[in-house]
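Note that the chains are named A, B, C, D and E in the order they appear, and that numbering of residues resets to 1 at the start of each chain.
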């Protein structure tokens, strides 16, 4: 898998909001070595769309998402946002775009400053951008947003983050990111730390907010059900590369990449039809410092051939809008259904 | 009591002698005072009546400072250094208890009539620790080296042709000639100038760090800086006691420099040392009344503690200002708080010494008069009282600062610094007023360097920068006579001169105590070859030649 | 001799550092260390030149006259500017000439180091040993008690302790006020100590705080009074070397070492204790408990090692500061080590030896810290040398 | 203290209650667990307030307070006397009332300690914050400075500084501050590193806040508890340090009274005047102990890992 | 039926905290047959870990415990001293949630595995080592000899969890307690770990308590599932029945709130409103009443007890799902728009 290529870019559409091309992110690993966290990822996100990003831990999901908002700036590659090449923006110019691109973090508690009142946390964006010196407006805006995320502004605004439960804290995070009227919100595992009963609240909230404010989401999770539920398109990552990208229903019905199939097979549902595929994944995830040549998945793939070990597969469209980077994609005509218990 | 017999001089006359020492932890205050003379006699008798001396034993002695070098001509050889040297080296002459000069290492010692030429004849049969003979040549060499030394050179500054006027006449005879009368030379020979040091020491290219080699009762075996100086018995020592026993009695002496006075006292109390020297006022009562061991009898001659005024720089260059400060100083209060039971001093000479007068006319405490005088001449912006940063000295500083401020409305600043700076400031004249302790050498002529204008410029030993023609004249006269009566009269004149000009503000005579443990006998006892008793123990200096343990 | 031994020890340790951590790290550290040493010594040089007072005048004392002083200045290069002086000092030191410790008697610093170095060394070693001997067991005990249920001890034992303490105190002849204070505190301490649990921990912790709150010199002075004067358990006779016999040697050092040790004990104790408490809350401790391991096993085999990390770091960072305590202790016990020499040297304005010593201390500091970084990697395999903690 | 009042009672069997699962369950009676030496904390705080208010009261009302008199009032008839009803702490070398001197000395000692801590916290805190947040060369420089200072024995540095400049109050404060800074900088840096890693700091960056404003608005408030806790500990350490300097004759010039100067005056004749050593030392001790204790409890309360300053 | 292997009766656990007493477990009953797997599911803070820690004797001294726990007829709260020394870790073993922190970072894998064998079973070094290698092979770690000498940080999360399992199995326990053994792991790894546990359990005939908050995990692996909420068991049933015929409103709500892979994307989820009660200040009546859409006045007045309603199926509810009373109650609440416990059924907003 783990391929490159610009095929998934939908250059024919004019509502593309973000275009990520050949994104590479490397970190120094000490001793002169380099961690290849993300290596040549290409995708785009249309306005109003939700792109889900799944993959094992360490596959580079967070790194990709953070590179999109230039925190930190990628090692190479381009990130294009509404007519601007973000990687070329410097200092103040970059800061000016920030309000358009917001982020929600995984840990609801540690992403809120424990020493600031909720209204301050939420109003921070307005303060930074000083939209209006009119305190009334600021307050009205904060109240509006708090209400929108389901918190009573009168009660919640005056409290401190630690007085809230995880779900409520995540609502505050959402409110904070919404206050500047962003176009895009990057959600890095926003529900992983939450209980299932609360997770649904946040997922619903995100959907509502998307509708209400016309948001575009980049949604990361390792829970495949969650990603399916919220995404329009889903991209599967493996060891810093994209394997497969497709509309979500299509992906879950016709997973073509062996890795995607293995992932789906690992979903803990009784009678999972793909369960056998998950067996291959028992091997270790190779080190991102010395990624395997050719297809990065070949070390764990039961279909792997010599070709896979030498040549890197490119993204190819196997069905309308369904792209796979694999020399041996599984293409069948009977869609799989993983029945929920 | 100043009976005639008291008039004696002590070993030290040389400049280094007393320079200070307000510096150490030792605050100079006297303890319960008894007149030195009386105590001396009774003490001496006690010792003499004790059982005969026994041989052997190791003595552990605490001294207040380490010596910087044994290269005496340039050394800052103060009380601790002198105590060690006394045990290692012998003097050419000694002072007896009647304050007269007697030959010691010398067979004979003869000045000419006007005290410009001296004939010194060396005793036969004496050898240095290294076995070489201590003959006339050695005497010549020693004196010459002294004359070349930075410090001792100032004592012998009036030699006719410098070191060349020290001439070896025959094997055992040396003559020394001076350009001016120098009647105190014999006394100098009883002090640092007169230690006979071996040529091998002088020849040592690294003699600044070398062990002393001389003729004394003990040989210097080890010198671990700041830790200890170890001496051991000189088996070939030339002297024996009245019963014919070979001197010294002790096998060895270990001198341990312990600068902190309270540590020295604690060490004595804990029984970890045998002998101590102490001039710390607050300890005197302890040694006199609580100490279970003995205390060696102090001699009459005592140093004086005073406020050293810099006569060479404003504001103390103005005699009226000096007088005003004296008027503003409540010396009785000082005595009460800082030197309880000590005798008030009105002049440089202690009671019982040559030149002492009870009331030389030193201004008495009169704040009104002082204030009035200051109103007249104006008050300086601030007065700087310099002191080392030792707690007890700070207390004294505080007291005077407060007196001058409340009595006479002066602004006094206490400038505190560490010890070494005190000396450098004093020699350089960079001060206004210091607490000081000096003099008490029992002979006005020996104070020459401290007061003569010849020593008052540049880096100078006349720290107070006293420039006074009358003083110069009087000092010169003390060098021309050996008559004790005459010297007494001259001393009194000097005393009055001081009172009149208020060159210094005299405070009190300084008491030393030499406590030693039970079982130690005859500390500071010394019998001269003539059979008379030597004058020892001045200003805490130890003589251990005839000390024994048992 | 001593210097040579020290150098050999240094070399062996350096080789070990290189072996464990590699050349890269060693060179990197060498660079950083040299920078620190140069900075420190230059700053010292510069500062010393600002100090009023003249080393020549101080050395010559009352014997000074202008010519002698000028000659001395020339001989010591004091007439040149700071940079030239620094350079000449550095050249001398690098060429092995440490200079005169006492100008007047031309005693070299090497001599002084040889005579006094071992004293400070042993004082340091024994002080640290005592500190560790007290702080480690107490720290472990205390940390362990922090989360334990106190043992049941009948309250009526308290008056028994009290009476016993009083009886001991009276027969032992303590002074009245001490009896009153101790008669209350000692039984309480025994009681809570035996009882253990959070109260036992609080007892140790509070005692550590108390010790931290008393100036060293008060302890030193009091101990001198009690142990050297009141009872003759310590002889104020100064240092005795190993050559004078083990007994003499130890008995000449134990009290100053104890005082010095006590001054750092609370620091070590509290660090170890808080680290241990923290580590005792780690999951792996629960796992070990679930494995049925005994408490002793868990404490010593699982928790102790990772808990020494902070202790090590702090010990390393404080290595230069031990001298502070040593200065005070050496002063009170008339123990002629390097601490008291340093003070005397400053008083005498002996610039060059002070610079040399400051450089030595700085070198010791950086070396010890480098060493500790390497030890770190063996204590905690997760850390690799050179990581920023 | 009896068993039952001890806060640490733990895993003990409870008398088996009748098993009534369907009834509204009665909560188990659990002995209330105090927050770990709370009463000690209050005691310590009370002592601090007491010491500070006595010192302030004295500053305002002077010798009008009972038992206190002019600390410089000399009395030749009562030199170095032990404690009595008239002089609860005894008298000093000039017969001054030691208690009054302790109160007066407290003014200076506490002033020195507070000022040093304040400046130390300000400068050291700023250094630590900048180093911990901006990292890079700022960090390198700060760490170099800190390590350099730590590699010189503190006392030596004080001696140098005091020797270069005089022993005025300002200089002593300056010298001691110089020593307090590195330790504080180190602690604040460590704490900043931790805070800067938190996601709310990243969130502020995402919002487009300027780095300087993030430092002040997000990082600083969260480093503050550490700073405040260590301020207490530092004040205690400085009080002890000042007394040690006094002992070595390096603290503020006479006749300024500090706790240290009283103790070291008493030390001169320890055997005769133990009251001048122990009673002021006791006050110093209790104050430092309280400061330490309050600081420690704050650390615990804010759950800050103890770093070493000592 | 014989006496169950593990029996917990009316367990109550409370913690003393500075802010008051935390009633973590409140009248909990469990019985586990030899060889059986019991899964405990529930929200965070519902008391799952406290329950098993009580069994493992791992609670801190701040905990007060009431109730009876028997294991193989042994009263676990009063074990004789000599038996206690070799009980936990031998007969009962436990696996913790986070493999990253469960291993001592400064000790080699080998010594961590062998130490309990050496301590409890008095194995010699060689014996212990051989056994450890065998265990590592069993849990599927390649090159076990090499791994023995490694430190935990050199292994991946999945590997570490295997090591932790090997450690727990070292003394061949009869009962294995796994407290969320896969929560910190990737789904892919999770599957393998769970398969492994199942396999080992079958091989050794161990009983197991599996704690999880993932119903899917519980469903596939357990014989019996207990749903916990606020320190109490709400419903307990065989895995096969609980999915098909859950009776507790909480269980029902839990199922509804979970997104399913089989639903198309953007399927609207049904969250459970509100949040669990404050354990410091528990309400009277059913703990779930405040969030329950069926809640009636009676629910807020007295605590419902766990009643058996079928084979191995019991539920603690006055209005079990599917009962006519429940249907009525819900309809009634819908009509009113608000439940007797004050829950607003129509507002989307969570009022604080």
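Methods note: a contact is a pair of C-beta atoms (placed from the backbone, for glycine too) under 8 Å apart; a residue touches a chain by one contact, two chains touch by 3 or more.
For clarity, every value in this text was computed on a predicted model and none was experimentally measured.
J.: Any chains in contact with both chain B and chain D?
T.: Of all the chains present, those in contact with both chain B and chain D are C.
J.: Would you kindly count the fewest steps from chain A to chain E, each step being a jump to a chain that touches the current one?
T.: Contact-graph shortest path, chain A to chain E, evaluates to 1.
J.: Treat touching chains as neighbours and tell me the shortest step distance from chain A to chain D.
T.: 1
J.: Between C-E and B-C, which chain pair shares more contacting C-beta pairs?
T.: The comparison resolves to B-C.
J.: Between chain C and chain E, what's the gap in Å when you average each chain's C-alpha atoms?
T.: The answer is 52 Å.
J.: Taking each chain's centre as its mean C-alpha position, how far apart are chain B and chain C in Å?
T.: Result: the chain centres lie 42 Å from each other.
J.: Provide the C-alpha centroid distance between chain C and chain D, rounded to the nearest whole angstrom.
T.: 22
J.: So what's the Cα centroid distance for chain A and chain B, whole Å?
T.: Measuring from centre to centre gives 92 Å for this pair.
J.: For chain B, which residues are shared contacts with two or more other chains?
T.: Residues 269, 417-418.
J.: Considering chain D alone, which of its residues make contact with at least two other chains?
T.: Residues 8-12, 163, 264, 267, 270-271.
J.: Considering chain C alone, which of its residues make contact with at least two other chains?
T.: Residue numbers touching two or more other chains: 52-53, 148-149, 197, 225, 229, 331, 346.
J.: Quick one: in the complex, what on chain E touches chain C?
T.: 56, 58, 60-61, 85-90, 93-94, 96, 98, 101-107, 115-116, 119-120, 151, 153, 164, 167-168, 170-171
J.: So in the complex, the part of chain C that touches chain D is made up of which residues?
T.: Per the stated touch rule, the residues are 32, 35-37, 39-40, 43-44, 47-48, 50-53, 148-150, 152, 155, 197-199, 202, 206, 209-210, 212-218, 221-222, 225, 229, 264, 266-267, 270-271, 274, 278, 310, 313-314, 317-318, 320-321, 323-324, 327-328, 331, 342-343, 346, 358, 361-362, 365-366, 369.
J.: In the complex of these two chains, what residues of chain B are touching chain D?
T.: Checking each residue of chain B against chain D gives 262, 265, 269, 282-283, 286, 333, 336-337, 340, 388-392, 394-395, 397-399, 401-402, 414-418.
J.: Can you check the complex and tell me which residues of chain E touch chain A?
T.: 43-44, 140, 156-159, 186-192, 194, 213-217, 219-220, 243, 253-254, 257-273, 275, 348-352
J.: In the complex, go through chain A and note every residue touching chain E.
T.: Counting only chain A, the residues touching chain E are 56-57, 147, 150-152, 155-156, 159, 165-168, 171, 195-201, 203-204, 207-208, 222-226, 228-232, 248-249, 252, 262-270, 275, 278, 281-282, 284-285, 337-341.
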